[in-house]
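Handing you this structure, nothing more for now.
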Amino acid sequence: MTADTPALVLGGVRKRFGEFTAVDGVDLEVRRGEFITLLGPSGSGKTTTLRMIAGFLTQDEGSIRIAGEEMTRVPPYRRDVGMVFQNYALLPHMSAAANIAFPLAMRGIQRDSIRDKVSSVLALVGLSGYGERLPRQLSGGQQQRVALARAIVFDPTLLLLDEPFGALDRKLRAQMQAEVKSLQRRLGITTLFVTHDQEEALVLSDRIAVMNAGRIAQIGAAEHLYRRPASRFVAEFVGEANLFRGRAGVIAGPAPARTVEVKLESGAAMRASLAPGDRAVHYGADLALVVRPERPRRLIAGAAFENQVAGTVAEATYLGETVRYRVTLEGGGEIVLRWPAEGERLSPGTRLELGWPASDMTAVLWA
Amino acid sequence: MGEAGSWRSPHRLALLALGVATVIFLVGPMLVVIPMSFTGAKILSWPPVGFSFQWYAKMLEDPQWSRGFLNSMQVATLTAIVSTILGTLAALGIVRGRFPGKGIANALILSPLIVPVIIIAIGFFAFYSITRLTGSLPGLVLAHTALAVPFVVINVGTVLRTMDRNLELAAASLGADPVRTFWRVTFPIILPGVFAGALFAFITSWDEVVVSIFMTSTRFRTLPVEMWEQVRQVVDPTVAAVATVVMVVTTTLLLFVLVARRRVPVR
Amino acid sequence: MLFLRPVFGRAGRRTGGPLVNRWALLAIPVLVFLLVGFLAPLLIMAVRSVTDLPAGSEGDPLTNFRRFFGGEANLRVLGNTFFIAGLSTVGCLLIGYPYAYLMRLASPRWAGLLLIAVLVPFWSSLLVRTYAWQVILRDTGLINSTLRGWGIINQPLDLYQTTTGVLLGMTQILLPFMVLPLFTTMARIDPELTKAAANLGASPTRAFLRVFFPLSVPGVLAGSLLVFVLALGFYITPALLGSPKNTMLSAFIATRVQQQLDWGLASAMAMVLVAITLVVLFLASRVIRVRDVFGALDAE
């Protein structure tokens, strides 16, 4: 493959299990060296998609191309894909070194060469000297690293990770995330990561593909998904979101920065911006307005914003760096705020007025 | 398990006493045979008088016993081999296979455990005498294999069912085709089950009496059948010596099984 | 490619795969072997029960069955078989239930040891154990010698070749088959339940009777049915420890074959025994999963 050929291309992939459609038309293009995450709740089809890429399942429709080659007829043991399983799947009767050597042995590589590669990759994951240990003699984190080492030792075209950090505790998970990220940067292996943890996705990925009900709801860089969610699902799944419901009015403004007037159920009026290229929102549409918790500002005398609400603090939770406020709004409903802890601390019962510009709020279809 | 609660309460103490009594009831009788085999007296009476190896000597001298021992060894070993092969394949076929009538197949494989052994014995007797296989090594091996196969299937089947299938997927993702996956991954993992099954098959054949009574002849007899002939006449404690030897062999093999379960082969 | 889907189809719970896969082929050798080496002999015997007719039977295929059910001695043997099997079951239950309960209360280590104590005799030679009982029960055996030595009795107790002797032997040998299903069921009973009952005001006895025992009933049924079925078919122990007066069906069948060469009658009786076994097992399967019981036969 040339430098331009995408490492992975999925075209219209579909998979059904009896009546249930697990993957409902997925198109995806992953560039070489990219770290892309399939993010979604359980049942969204992300693991099924991963397994089809690995070759454990055959898709009912659509094509899967790895390094430009069509993979439908290729069995898993002939795809150049490294996989890290959720429960590590280390061969229990072989030592860590033997596990790592396994794919090299399968490819008929020379003994000496194998030994060198195994020790260098053990060093890479920080487990030099642990080669002779059996999986059951290793901690969860160490097993994790052996699984990773085993998946990359043969320089695969693609590295797949299936929710690998689920069983680790928080600190270890953060540590492993950092290690995987730096490893991937260093080696430049194209990586596809599956998780339901949106924080994890945000930390690791170049791009995130949010999946829901077998389809990709939105794909893009973390910041893009956060700032400009394409649907209510994405808005709620990635990060925390405040939602207002209303009916679309007039759409105005130049193409890259259009805004829409929205009439809420309570009667109040708001103004939100549309994602560039959005074609779904139209006059009269049922909309969800998304504003992230850190965006609203406290109104001080004289300041005015396109969107304003007033309410009373119901709950204040200290979270270390930030404070999370739950504010009951006068027009009905609630809004969640996340403000830096440095600022003035508000106690429950305080009345306050909040405002934010249209650019801080995105309009998507409610459905 | 291991419930909290005082072990001093009268309920618990009574239970404990019952438990101890039951263990004695279970294990005691067999142990009685051992001192009896060392008795210096000439007759089978309790308590044993003195201490002597005379009965062991008699056992070793008597060609019937040594022949019986060798025959049993042969039959049991061959039975273990054949039933392990058949049974392991069967377990793979039943657990991993998909075919209509799998329930019936499974029932057929387990049926030797359910059908009363006397019926199996006379059925075999009639059938194998037609084919003139009674009183021969092959005939006996075939008969014992039918009895032993269920144990192999159960043992291998259990290990197979509880095995992590992801390991095979992992092997495939690492480049192993189905054949290599089986020999490098699946087989080493189910090996403890195969081993246990083989030992149980051996023990089953080694201790088998009823079918053997009908399937053996004066020319070819297994050890249990020799014992059976002697035991009904209640002659002398030689049988006690034989019984002790049989017990030692069986218990040793059983301990083997218990130990083997802890071991995982390492490369 | 066809091989792959069933082997590697991970989400196989709903995978529409082929009806038969390659693994199925591996089961063929054993099935052929059992069909020829096990089922065929039994079927031949079934056939003989209706074809091996004695002289003067006018070709009535049910002759042998009539002979069996018509003979008073035969029916006595049948009744005796049920009687002894029944008593063995009761004996096993009385001894096995407390033992299984003890296992449940014990710490895992002790429970394991208790389990071994149950299993080792199970795997030891039936003949050795029966012989051991012979040694114990005889007039000059352990029990009588000890009791005489302690001056408790003057004349030896008649234990050998009696029903009591047979029951003792059979109970000991069948005990594992009662304990294992019982323990399996008991282990599944949530220990919090008896504590909850105590919290609600039930004394230990009441908690046991109204909470624990009812939940253990499936195990009781499973064990009892299993022991009963196995006891019906027992040959060695009753033959060795019993008297000719209380023969059980298996020994009866054996003598018909070995001494009278009456294959017709023997086959018919064998069929009756198989039928009874199947009926009892069928009843059992309505209540518990018989397969679970046999699962105890692996090296666990």
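Order as written gives the chain letters A, B and C; numbering starts at 1 within each chain.
The criterion applied here is as follows: a contact is a pair of C-beta atoms (placed from the backbone, for glycine too) under 8 Å apart; a residue touches a chain by one contact, two chains touch by 3 or more.
Keep in mind that this is a model prediction, so the values were computed, not measured.
Visitor: Using each chain's Cα centroid, which is most distant from the centroid of chain B?
Guide: A
Visitor: Any chance you could check whether B-C or A-B wins on number of contacting C-beta pairs?
Guide: B-C
Visitor: Centroid of chain A to centroid of chain C, CA atoms only: how many Å?
Guide: Roughly 59 Å, centre to centre.
Visitor: Give, as an integer number of Å, the spacing between the C-alpha centres of chain C and chain B.
Guide: 17
Visitor: Measuring centre to centre with CA averages, how many angstrom lie between chain A and chain B?
Guide: From the centre of chain A to the centre of chain B is 56 Å.
Visitor: Which chain B residues reach two or more other chains?
Guide: In chain B, 169, 172, 178 touch at least two other chains.
Visitor: For chain A, what residues touch not just one other chain but two or more?
Guide: Answer for chain A, listing residues that touch two or more other chains: 55-56, 75-76.
Visitor: Multi-chain contacts in chain C: which residues touch at least two other chains?
Guide: If we look for residues of chain C contacting two or more partner chains, we find 4, 8, 10.
Visitor: Please output the residues of chain A touching chain B within their complex, sorted ascending.
Guide: Contact set of chain A toward chain B: 54-56, 75-79, 81-83, 85, 87, 89-95, 98, 102-103, 106-107, 134, 136, 150-151, 154.
Visitor: Touching residues of chain C toward chain B in the complex: what are they?
Guide: Its residues touching chain B are 3-4, 6-8, 10, 17-21, 23-31, 33-35, 37-42, 44-45, 48, 95, 98-99, 101-108, 111, 114, 116-118, 120-121, 123-136, 138, 140-142, 144-146, 172, 175, 187, 191, 204, 229, 232-236, 240, 250-251, 253-254, 257, 263, 266-267, 270, 273-274, 277, 281, 291, 294-295, 297-300.
Visitor: If we count contacts the way the header does, which residues on chain B are in touch with chain A in the complex?
Guide: Per the touch definition, chain B meets chain A at residues 164, 166-167, 169-178, 180-181, 184-185, 188-189, 264-267.
Visitor: Using the touch definition from the top, list the residues of chain B that touch chain C in their complex.
Guide: 1-3, 5, 11-12, 15-16, 18-19, 22-23, 25-27, 29-30, 32-33, 36, 43-47, 86-87, 89-90, 92-94, 96-100, 105, 108-128, 142-143, 145-146, 149-151, 153-155, 157-158, 165, 168-169, 172, 178, 193, 196, 200, 203, 206-207, 209-210, 214, 224, 227-228, 231-232, 234, 239-240, 243, 246-247, 250-251, 254, 257-258, 261
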